[in-house]
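Shared chain: chain A. Partners: chain B in the first complex, chain C in the second.
Up next is the complex of A and B:
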């Protein structure tokens, strides 16, 4: 009897896509939206939702490369400090060096990428664990930012610069277009390219990835550089939105970004995760914050709720994993 | 079936008997009504191909998961083994292939981890712990292992002894050993057998799992063969022969274990001259030609894998020369080695060869992503085709291309690792222990494949610790010792004795080095 091969497809309790972390999260998000919308009539308005998109773009831009990094089993804690450093250098190079603003923006992006590249070199060449390397540069880049700024802020940018952070394009906040394009590019890169496959292979088994001839070090160098670059871009958007530069900009961003990515179902141990999940995670955190604030929940309580949601989603994820028997 | 007769053979209630065990996982029936028993002081071997259900059976007996149906009976009393702790209390101890020890702690601490003797107020009684460890060591006549040694500094063989001591310290009356010799040297195997015999004398029932038939004949009293989750036969070892066991196991006759075909040999594919990479690659020179299988023999630690990994660019050479098809190259990374047409099937399938949590499809395309991608974008249809061709060509037993690769049996995993490299159409194939820990059927298949690949003009360098395999498959045999090549034999001159002597480094062979 046992010699006859059994039908190989097991009966499932639910279709696979329903059991996915991202889908569960999207469902929870949907329910939360309806509840918060019912509690407050200003919440579920197009204006409010678009405005929330505007506010979350800076974190979202960094969350995309962070998804890549966490999928490889790494981490980048220095992103908040890179935002601060880049913001300062944007103002400094424009005001003090007298760079024309477009050049200053380009310079800022180069600085961000360089800061990320430096992380990548430490991690791939010197084999410093990502946690240690980026904790060191978290301090280093913030220190540089404070040293350069000398606690002075820069304001008074030309009017056109505020377009990025404050205006609408086809009825949607300008920076949200930037984020949408970045999401699509990152999503395709992760899901469809050899680069994306390499990231998953690294996260699941770095040695085997290396032994299979995959460019492990190059891929890591790219994602950390990308992380710095996006932090630089995020700094530009942030400065444009708030019209000023200060050295304490971006403090704590790393935690928001990592919470977003992990809430979106990316495993902190590497190997698992999607851009789609990160996007849902991003929406979830921002809309919860906003919805709770509108409903009259105080700021401290909001953080407690978000922490709870993070723990619950992790629980759900591990339950799902056990079910799949991984 | 012979089964029932074997069950009745022992008059007293057997120490352990399992009766009609059934277990199924989603999509697979892992066990379909398996029964067998072990008497006091008996060594009972479990034999079967990978995926036959041995591991499932063991996990049930050691309480890792419960059976769907059936009973486990210890000393005539049914026991409920819901958790590993229940098994421990029933006197069942299991020694897994991966030893579960704490490398930073001492032998005594490891032995008594979790059940250390106490000295009032919950303090540990260190004196008693050491004393008891010494008693256990003495009981097994182990004189070269000290209770205060840190486990991390011990050899694999000694670590295994620590696990055995640990089992005894818990008064285990049933000891399950899962492929205990897989990572042992020959000397350690002999010592392990001594210990197993002593355990027998103490009345411990031993369930012994191994792929190596010679071991079963050396140590076991009875043997139970499983195939596809079903009990096939239980035999007295004295009444059976290797050929019969293989046939029971595989369910068909295996014509020959080493189907060696002699082929015309072409020009040199790999030429290595004075290759250096300290500490274990010292002035190595060798040549592998198209269509030739060169066996690389040597003891564990003689530097064979290190040599392979230097050629493959994992640890780039510090000196010397590598030529691929006449062209001098300097190989800095596996990626570069791959573009040069070198494939390396590593020794450690689980950590170096396979990305276990990824699917069969993703593993198959891993080393050949360039072949199925255009401008960096993976063509999913092409990838699926590559994988399904591989599955067909290598007869990989998998439920689908989307199956998680780590869930397949060892033999099937090895076929994937081999297959993913062949998708690249390499010129040189380096195989590092290609059949370690896989069953006879899969082994024969891999040997057959090696022959076919050589016939297609591939140059093969095969590292193996199994002498019969080296002698059976190779056109030429190189022997490594302490990082150097110390002997070279043509196929007709290579025998168990000559190669073995060169490996060990006895005098006569040293003179043979040209």
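Up next is the complex of A and C:
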């Protein structure tokens, strides 16, 4: 994690407690690790932690562009549906169109980016509020996935394809490398580039950003397209891991992704947030899930905890912000 | 006298045109037009039995859309309602199986619905957390909680008297349709003519202006969410009592269908505009389309995509219309 530059630029743009928020979160994470490790000796093993990294990659890949989006004060609820649509099209283009698998993967990524671009066009050109635009495409993309797949699943991919989702590279799950690279790129883009600073400016005051001559619409178009692209990539990783495609893949991802980002200290009101925080948030959510699973809580009940975490972390952030008199 | 008649006569074609161009009229035309077109393709679609099944099976969506419309008009959103309906149906069904008096099984979902929604409204209004965060969180709490508590088991052996949806008033009007019509007309009237009803539009149109007029926007928000919870309770009751079993899981994507009905019904997503008559007509239209897909041999798996397209078209049309009005 040491590759991630500390958010020096954000320090000036963002309020003072931001860094403390993430430090606090990292501390809580550390304590949680120890407690969960003490409760269950299967938890704090390298195997388990790496496996958790494998499981969290799909959400993590989407959480990075979602951090960008929430920093601008926007939201993207359609990511789970884009995962479903992309997964279906990966299987469909390979099996029914007869695309070679590498081409099918490229096609899937293009579809994801296009789906995100379509969101971005609606939001920037037609000025549809992001919430409404992406609720509409949440229905539309899931509908397309259901319609195209006709509830049939595709299996039997060539063996090499499972490398992405199931094998190890230098002792670490293969897809985790993908996530690490994405984290570094996203971290640098947000901290060290004009593009990243533009996102903070939009979130703090969109009108001011516009009058300062910043390319507000172009930046927004880019981040929503990126969100779709990463959802497409996430779909490829997911299909490779679970070896099948179904139209209900990715349902509920928006909850995990948004909870991750908000828990990581990104303000739902925009203008504040870091990739570093999102990474800690991601680790916390996954360890929470894993810890609950190990103590015998069933999968469905863990979303209760994540929903609670989402509301509470927003609440705490908003109270802190208000105390500062914002 | 003649002069007024003349003016009236002159004005009436334009007024007629304007009335026809309203969202409600367009939806009514779409409902009837679609029935005729599909009926020509496959006359069995127009069988009384099919039409009444479509209406009976989907009345609960129209009822829930009444509350959703109020929420959206007030400038908020709620995506937890689908999960809430699942929970309320289970609460009601469980009470019925446990042998609670029927009136209790019918009232409990209303009370619980009001409480849950008012609670959410209070968090949104007084702690100023965006509605999407609160309702997304609540969606997962309710959904996960329901599966966690029931283990996904279905509720069976419901007493006969529990089945509210099977009651026919005067041996002619089925209860779901009756409740749908009453809820729609009452809510439409209340929102148009009563002072609290008008505050919903005022807050949604311009919360700051409403505040300066002496309206408390937070109080209005809590009121709207409480009402939304009430209608969700009625919807849950219709949903729970129409079949012999209650699946103790949340109907998938129910909230999307309800939001689609509200938005397609002409409720502006920017707040401040819309009627519940439109949303009820839209709920009927969506149910009709779903049935039409079956009768025209199109796979029903396309219904969600059709909903998505409908919602997009209405939203974009609404935004373009507003932009033109702002320019004029």
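By definition in this document, the second predicted complex is superposed on the first by the 277 of 326 C-alpha atoms of A that agree within 3 Å, B and C clash if a C-alpha of one lies under 4 Å from a C-alpha of the other, contacts with A are read in each partner's own complex, and residues count from 1 in each chain.
Following the convention adopted for this analysis, a residue touches a chain if its C-beta (ideal position, glycine included) is under 8 Å from a C-beta of that chain, and two chains touch if they have at least 3 such contacts.
Predicted, not measured: the structure shown is a model, and the values here were computed from it.
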Which superposed partner A:204 touches (first chain B, second chain C, both, neither): first
Which of chain B and chain C A:213 touches, first, second, both or neither: first
First (chain B), second (chain C), both or neither touched by A:185: neither
Which of chain B and chain C A:122 touches, first, second, both or neither: second
Touching partner for A:103 - first (chain B), second (chain C), both, neither: neither
Contacts of A:271 with chain B and chain C, given as first, second, both or neither: first
Partner chain in contact with A:35 - chain B first, chain C second, else both or neither: neither
Contact breadth on chain A, by residue count: chain C or chain B: C
Common interface residues of chain A - those touching chain B in one complex and chain C in the other: none
Interfacial residue positions of chain A with respect to chain C in the complex: 75, 77, 122, 126-129, 131-133, 135-144, 146-147, 149-151, 247, 251-252, 254-255, 258-259, 262, 268-269, 298, 300-308, 310-311, 314-315, 318-319, 322
List of chain B residues in touch with chain A within their complex: 25-29, 32, 228-230, 312, 314, 333-335, 337-339, 344, 346, 351-358, 362, 365-367, 369-370, 373, 376-378, 399-400, 404, 420
Residues of chain A defined as touching chain B within the complex: 1-3, 6-11, 192-195, 197-198, 200-201, 204-205, 207-215, 271, 325-326
Interfacial residue positions of chain C with respect to chain A in the complex: 77, 79, 123, 127-130, 132-134, 136-141, 143-145, 147-148, 252-253, 256, 259-260, 263, 269-270, 299, 301-309, 311-312, 315-316, 319-320, 323
